[in-house]
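In the two complexes that follow, chain A is the common piece, with chain B as its partner first and chain C second.
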Partner chain A sequence: MAPIENPLKQIHSIMNDENAVLIYSGEFNQEIVKSMLNYTEGKLESSGIDDLVRKKIFNVMVEQLQNITKHQYTDDEKSVVQPCFVLIEQENHYNLVTGNPIHVDTIQMVSDRINQVNSLNADELKDLYKQARLNSRISEVGGAGLGFIDVARKTENKLDFGFYDIDSANYKYFTLKTQINKIIQ
Partner chain B sequence: MEYTFNLQKLMAESNYLLAIRDNFESLLSKSVFSIVESQINNDKIDVNIKNRIFSVVVECVQNICSNDKAHSTAKNSILLLNKIDNGHNIVVGTKLNSERKSRIDEILSEISSSTIDELKAKRKNIISMRSELDETQKENLALIDMFIRSAGKVKYHYDGENGNDCFLIIEIEISNN
Partner chain C sequence: MEHLVIAKTDDTPEIDFNPGTKEMKISGRSLPEDVTTFYAPVLEWLDELEETPSGAYKFIVNLEYFNTASSKLILDILMRLEDIHTGGNNTIEIIWNYDKRDTDMEEAAEEYSELVEVPFQIVGI
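Presenting the complex of A and B:
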């Protein structure tokens, strides 16, 4: 029997190495988001982790998936690049990773905003969040700035991010990784 | 974090939509079905084809992935859904010990050499004694079902043989016509 082609082996190997349990790559819509949330909810229920942590993971995941759904690639350019979501289960924490193409014009702004969020402590984040809400400041990327603050507050961990070159003059691939500890400190 | 980018590239280049690595215990199975269902509902394909895809996924999850009772918490199985030119591929991979490997290998060899009509007759025969099905018969029925629903478009191989264990990968193609 001929071996099944290589990408499958590579995907499986990366999933094993990174402890990824779920990868979705493609168009994001309400139905897909709902089913992924259901899957994660079932997974967390069966793992027996604390209710508070479960709620936290769920809320952060909602925020990240909503962002992807809102900001997915709508350019006319033909590309194999797709938005994606990866759920990673490590021994002491979960990682939620999202990836989607981002217009080069917004990279600096997104990067500055995440770096700002990462530089603040919990009280400062709370103030920034209040201020952003009071000012109803909706950023050019549709409020994602507020989303970053919210996610950083909920996870109590720094946001990890990167931009990768894709075959496009106007877009790069933006990945955002959040970490939620299984045990609340 | 480059792995996310690489994973996405691998997935997108080969049209993989979904990859789940887990132990597929029963509580999770429902959620897995729900993801697959929402994914195939997205596609404009005939309802009969959707049912075939869904049934194969159910067999994969319930009888191939979740059969490792000895390591029920280990994430020893993987399920992928892949869109191809004229249909979908369902790929299932699971770790087998030597005993299960020889059992499944025997079943797969026998099924591969049978015609669809012979498989239908075998299935009928197994179903008629449904109340007494043991693990082997369940696996047998699941694999027969995969072959029938895909009209025989099933490929399989063993990977990463390591002492007593190996990794079985089965790829089932469901075409749109």
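Presenting the complex of A and C:
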């Protein structure tokens, strides 16, 4: 899979694409996440999509959106680039792209976790998920630390990610792109 | 033991734990922002059940979707049910209903059933 290009350039090109289902940039909270989910479900339902694909998109979208909701805040507010979410329909699949500022100190950890997930096959992901869930504690921001594993399992595709420079010494912009196939095996 | 009822919302499931019928039902979607707070009364109810000899209970799952944080809390609930079942005061049977086309949910139910020593039926509907 090709790496994500400059995120702002990519979002601009997506906005001109007629197949974008939803584009959002701004603050993320639970109410906004629910609105985005309701809107997307309605739009997908009226498009005649396979129920199972719709469900998968819903599942993966929740994890990606709640991940931003829990991790969007930065401590140097003036240089912050807004988080974003894009859902786009391609010929054979859907892409879900999120972007949010990430502290440079957490980049290595996030990068290691995604690389680990990407290196595993379906059975290994299942084992990792079961083990990680047994050992998991709900964090202060309400996460279980299982999102990347779950998204990799549900999409059955590798996670595409990158970290881009923004106007900040302490933050970069983290993008995560997932892919859901229209034909489920 | 009181009848525990929590109405469903866009992001939380319906909870209906009825000591009269001895059925504990969870239905709908679970993606709350704060899973710990949402599930606290459920776990408290189960603590009380563990102390109260009252018979054979069924835990009936009709979940359409849950997020990863809920997945951890559901595991906590199932482990509490296992404690109750093995504790001797009451018996538990788990019935997990799912949309039979939804293989992700079927797999999720199977994974839970492998983790707890409680009679566990997985029913595709």
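By our rule, the second predicted complex is superposed on the first by the 153 of 185 C-alpha atoms of A that agree within 3 Å, B and C clash if a C-alpha of one lies under 4 Å from a C-alpha of the other, contacts with A are read in each partner's own complex, and residues count from 1 in each chain.
Note that contacts are C-beta pairs under 8 Å (C-beta built on N, C-alpha and C of every residue); 3 or more make two chains touch, one makes a residue touch a chain.
Remember, predicted model here, so these are calculated numbers, not experimental data.
Applying the stated contact rule after C-alpha superposition, one finds that A:160 touches chain B and leaves chain C untouched. When chain A is checked against chain B and against chain C, the one touching more of its residues turns out to be B. Of the two partner chains placed by superposition, A:121 touches none, neither chain B nor chain C.
With both structures placed on the common chain, the touch criterion links A:150 to chain C but leaves chain B unconnected.
Legend: residue contacts after superposition of the two complexes on their common chain; A:34 is shown touching both chain B and chain C. Judged by the touch definition given at the top, the superposed model places A:108 against neither chain B nor chain C. Once the two complexes are laid over each other on the shared chain, residue contacts for A:135 go to neither chain B nor chain C.
In the overlay built on the shared chain, the residue A:22 is in contact with chain B alone; chain C does not reach it. Residues 34, 38 of chain A lie in contact with chain B in one complex and with chain C in the other. Of all residues in chain A, only 30, 34, 38, 51-52, 55-56, 58-59, 62-63, 66, 69, 126, 129-130, 133-134, 136, 138, 142-144, 146-147, 150, 154 touch chain C in the complex they form. Across the complex, chain A meets chain B through its residues 1-5, 7-12, 14-18, 20-27, 29, 31-32, 34-36, 38-43, 45-46, 80-82, 84, 86, 97, 99, 160-162, 164, 173, 175, 177.
Note for the complex: chain B touches chain A at residues 1-14, 16-22, 25, 27-28, 30-32, 34-35, 37-39, 41-42, 75, 78, 80, 91, 93, 155-157, 159, 169, 171.
For chain C in complex with chain A, the residues that touch the partner chain are 10-11, 31-36, 65, 67-69, 71-73, 75, 101-102, 104, 107, 111, 114-115.
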